[in-house]
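Chain nomenclature is as follows: A, B, C and D, assigned in order of appearance, with residue numbering initiated at 1 for each chain independently.
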Amino acid sequence: MGFLNSLRYCLRQTLLSIVRNFWLATASAAMITVSLLILGSFGLIALNAGQFLQQVESEIEINVFLQDVAPVNDLGREIRALTGVERVTYVSKEQALEEMRESLGERRDILTGLENDNPLPASYRVRTSNAEVVPAVARAIEKMHGVDKVRYGQGYVEKLILITRWVNVAALFAAGLLALAAIFLIMTTIRMSVMARRDEVEIMKYMGASNWFVRFPFLLEGMAVGYLGSKVAVLILGFGYYYLLLQVDQVSLFFVQLVTDQQTLGMLFGALFALGVLIGGLAGSISIRKFLRV
Amino acid sequence: MGFLNSLRYCLRQTLLSIVRNFWLATASAAMITVSLLILGSFGLIALNAGQFLQQVESEIEINVFLQDVAPVNDLGREIRALTGVERVTYVSKEQALEEMRESLGERRDILTGLENDNPLPASYRVRTSNAEVVPAVARAIEKMHGVDKVRYGQGYVEKLILITRWVNVAALFAAGLLALAAIFLIMTTIRMSVMARRDEVEIMKYMGASNWFVRFPFLLEGMAVGYLGSKVAVLILGFGYYYLLLQVDQVSLFFVQLVTDQQTLGMLFGALFALGVLIGGLAGSISIRKFLRV
Amino acid sequence: MIQFYNVTKLYPNGAKAINDLSLRIKQGDFAFLVGPSGAGKSTIAKLIFREEKPTAGQIFFNGRNALRFRGREVVAMRRKIGMVFQDFRLLSQKTAYENVAFALEVTGVSRWEVRKRVPEVLRQVGLEDKMDRFPAQLSGGEQQRVCVARAIVKNPVLILADEPTGNLDPETSRELMELFLEINQSGTTIVIATHAWDIVNELKKRVIALESGRIVRDEEQGSYGYGVS
Amino acid sequence: MIQFYNVTKLYPNGAKAINDLSLRIKQGDFAFLVGPSGAGKSTIAKLIFREEKPTAGQIFFNGRNALRFRGREVVAMRRKIGMVFQDFRLLSQKTAYENVAFALEVTGVSRWEVRKRVPEVLRQVGLEDKMDRFPAQLSGGEQQRVCVARAIVKNPVLILADEPTGNLDPETSRELMELFLEINQSGTTIVIATHAWDIVNELKKRVIALESGRIVRDEEQGSYGYGVS
């Protein structure tokens, strides 16, 4: 009974308080929006960068040059059986020559007459599930019977792996810092808005209000402000990104393949939203703690 | 006399006020620090991305293949005279064959016997000051007497130019938005801290203080808080970047050539600093305007 | 109801507001606290209300050591005390009605009870037509009466009124005092810090006179003293 | 010095605080504004001080239409008026000394002058040993006296004191009134809104009695009236 009355009271209070402290509430919500926009934009960039790197990685091929006497089918089966191997393509001597000719373009006549004494070896092109396993797979294939040479852009792949790792670490690090910054910005904002109302808290305590009776409206208010701020941020980000997708579609920015996976995007936006609401509420209820000790 | 007294008073007031509103001043300064850190980090990233793109661009070459009967020296002079051209290198038929041989690596024996009947043309390699002029320069060279063909990775260069433009526009856009966000964050923060002291402003006005007498301390305070916040941000950024440079130097991240130009970095940091101080002061003095009307 | 045993209050800046003071206020008492400005009247009220803690000595509330009260007990005690603050302390973002209602709502009283009781009390202090005003929209005396209403609305066992008539005209002051007397009749203990010598002299109730933090006089049926007629 | 011509003040919420009121206060006058709580005393002070603007009517200050004053003139006028606010309005972040000094500093007075004058005035109101306290560290009456000190420190041509003795004991009140009388002797006009009937009756000065925003009585050498002895 008493509890229900208190609860009803708290809910009503939250609304009234936001209306009466309109400027503060709006300013706080706007600060949250801006913070989350920055964080969210970075999240989107990081998602896309991640996907781009993955795409680049997925284009790495291992070229397995075969001896002319190699047991082609057995080798193919053996390679396919290695862990991490995804796709294996056989390139015959003739195909190899044809490709070389094409790559030479206008100077292709250099190769005339080689058809009958084709010096190019047959090969397997092997794709792996990710770049990291390439060196290991290559070493395994090298030891197989009938394999002449294995080429996969040694040095290049290792560099790529290093870059990917660095970028991943850097992105995680930056995301962490940005999230911290956003949390700091949101908390300080709410704290400042609560500070402006410290007298209110003190008086409430003197009236015999229990800590939670004072705190709960601030918690709710922080959450409501966080909700508003996050909602606006997520909407702006969502529409902005959608617009960007449409634009990129039109200009057909050839190399960029933007992330459109609903689930990933949903998770990002959900996380932003939760961050805003949670931090808002937390900040609201934490900030008044020290004013409660009267 | 009266003016000097007022000025002295204002300066003293600023200091006192910061000391007495310590929490608000600290929180405001911290908010400014965080905002500028975000903005500054992006600035650094953009600078480096810009330099990276420039580096990639600078590696674009125009290959000018010459007819066997071409007036080599005249052509060289003519090309060098074109606007935008930076460096011109002559590649003789023999050098061309040698290079091709090297590029073929283990399959070089394909080319054996061509020495005496070298099918490869002599060429000029032309570098331009920037990628944008490449197509124009190439077209100009194409029309010259004795030129057989001009190759510069048609399609590739145009794409690169497009990417560069996009990235530049996007970076400028993002920088603008981030700067706006930072300005908003700083202004709102200072405004909130001033809001908490609106009574003070009102009372001062009632005491017969002129608008500037009330405003000036807030202007100074905003600037001082902005100064502190920016200083910390610039220091963190500066040391952070310096540390990063050292790290990158050690790991020798091959492809990344970080910006170390003192002047460019100085300008970035200076701009951040100015932004913090200016916006702080501006916000301080603007925020109290509406409380002054009593 | 309230006992002070050798209480001393030294404010952090070194000001000695209460100096080795002992005092006993019984259930149902009606006492005036008088004394010159800065004598320590408000400090005594603050000590009882646990707004301040004494530097030395013991304070008992309803037979229990109030200094040992922790969180919940302090809250419970404050709900039993109706305090009229010298500086009002109204919630500026709440209307007169809401300010008074708040004192009831914190105790978890039903909405129906609040709706009945608050207008009743506001009528008693003569503010029935100004219930929906915010404190800034009320005159000084009206704000003060809202404070009084807020103190009595919860039917406290003790009313601590610190200068409740400082901004009121003599007639309204007298009406308010009659209200306090009436409440006192029903058993509520009342302690009033005041400078209204005319009222003190008229009511002939207990008078506790303070000077520099010490009790210099404590008379049942006393007068204001200090040479005012 | 001050003339009200058919002044009406309607607050935004519709409350009619002043109703078609005309009034003339001459240079060197010493007038009490009396009347029940909510009669409009503070509103008159606010109208003179330009804290509020009248809804209708004209107000003249020193022979000039005060409603036509703009920015600089309002500032100049306020510097000439020493106002004691009913709700004190001390700067909470400044000490008593600084609060009083501020009133001088805004006028651009030399530091030397400030250092000399401020302690002098604080001594006059009996706060010489509490100059470095912040308002929160002062008792109600002490805060009120800081307000009075702040009003008189700048040697104003007009002192508007709204309930300056509401938190003061009778003795201190009387001392303060003597201070006001003294200042009045030197030509300063003084208007005091008060409920202190004893002082009003004793001093026998001009009494302007308000009720519901109208003047019901305006007597030279008047008394408080309202049936109090």
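Following the convention adopted for this analysis, contacts are C-beta pairs under 8 Å (C-beta built on N, C-alpha and C of every residue); 3 or more make two chains touch, one makes a residue touch a chain.
Keep in mind the model is a prediction, meaning the values are calculated, not measured.
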Subject >> Taking each chain's C-alpha mean as its centre, the one farthest from chain C >> reply: B
Original post:
Approximately how many whole Å separate the CA-defined centres of chain A and chain C?
Top reply: 61
Original post:
Hey, how far is the Cα centre of chain A from the one of chain B, in Å?
Top reply: 25
Original post:
chain A to chain D: how many Å between their CA centres?
Top reply: 66
Original post:
Counting only residues that touch at least 2 other chains, which ones in chain C make the list?
Top reply: none
**OP:** Indicate the residues of chain B shared as contacts by at least two other chains.
**Re:** none
Original post:
Touch graph across the chains, line, ring, star, complete or other?
Top reply: ring
**OP:** Provide the full list of chain pairs in touch.
**Re:** A-B, A-C, B-D, C-D
Subject >> Touch list for chain B against partner chain A, complex >> reply: 23-24, 27, 30-31, 34-35, 37-38, 41, 107, 109-111, 114, 119-120, 149, 159, 162-163, 166, 174, 178, 181, 184-185, 188-189, 191-193, 195-196, 253-255
Original post:
Where on chain D does chain C make contact in their complex?
Top reply: 11, 13, 15, 34-38, 42, 86-87, 133, 137, 139-142, 145, 162-163, 166-173, 195, 197-198, 224, 226-228
**OP:** Sort out for me which residues of chain A touch chain C in the complex.
**Re:** 1-3, 5-6, 8-9, 17, 20-21, 197, 199-200, 202-211, 213, 294
Subject >> For the chain C and chain A complex, residues of the former touching the latter >> reply: 49, 51, 71-72, 75-76, 78-79, 81, 83, 85, 89-93, 102-103, 105-111, 150
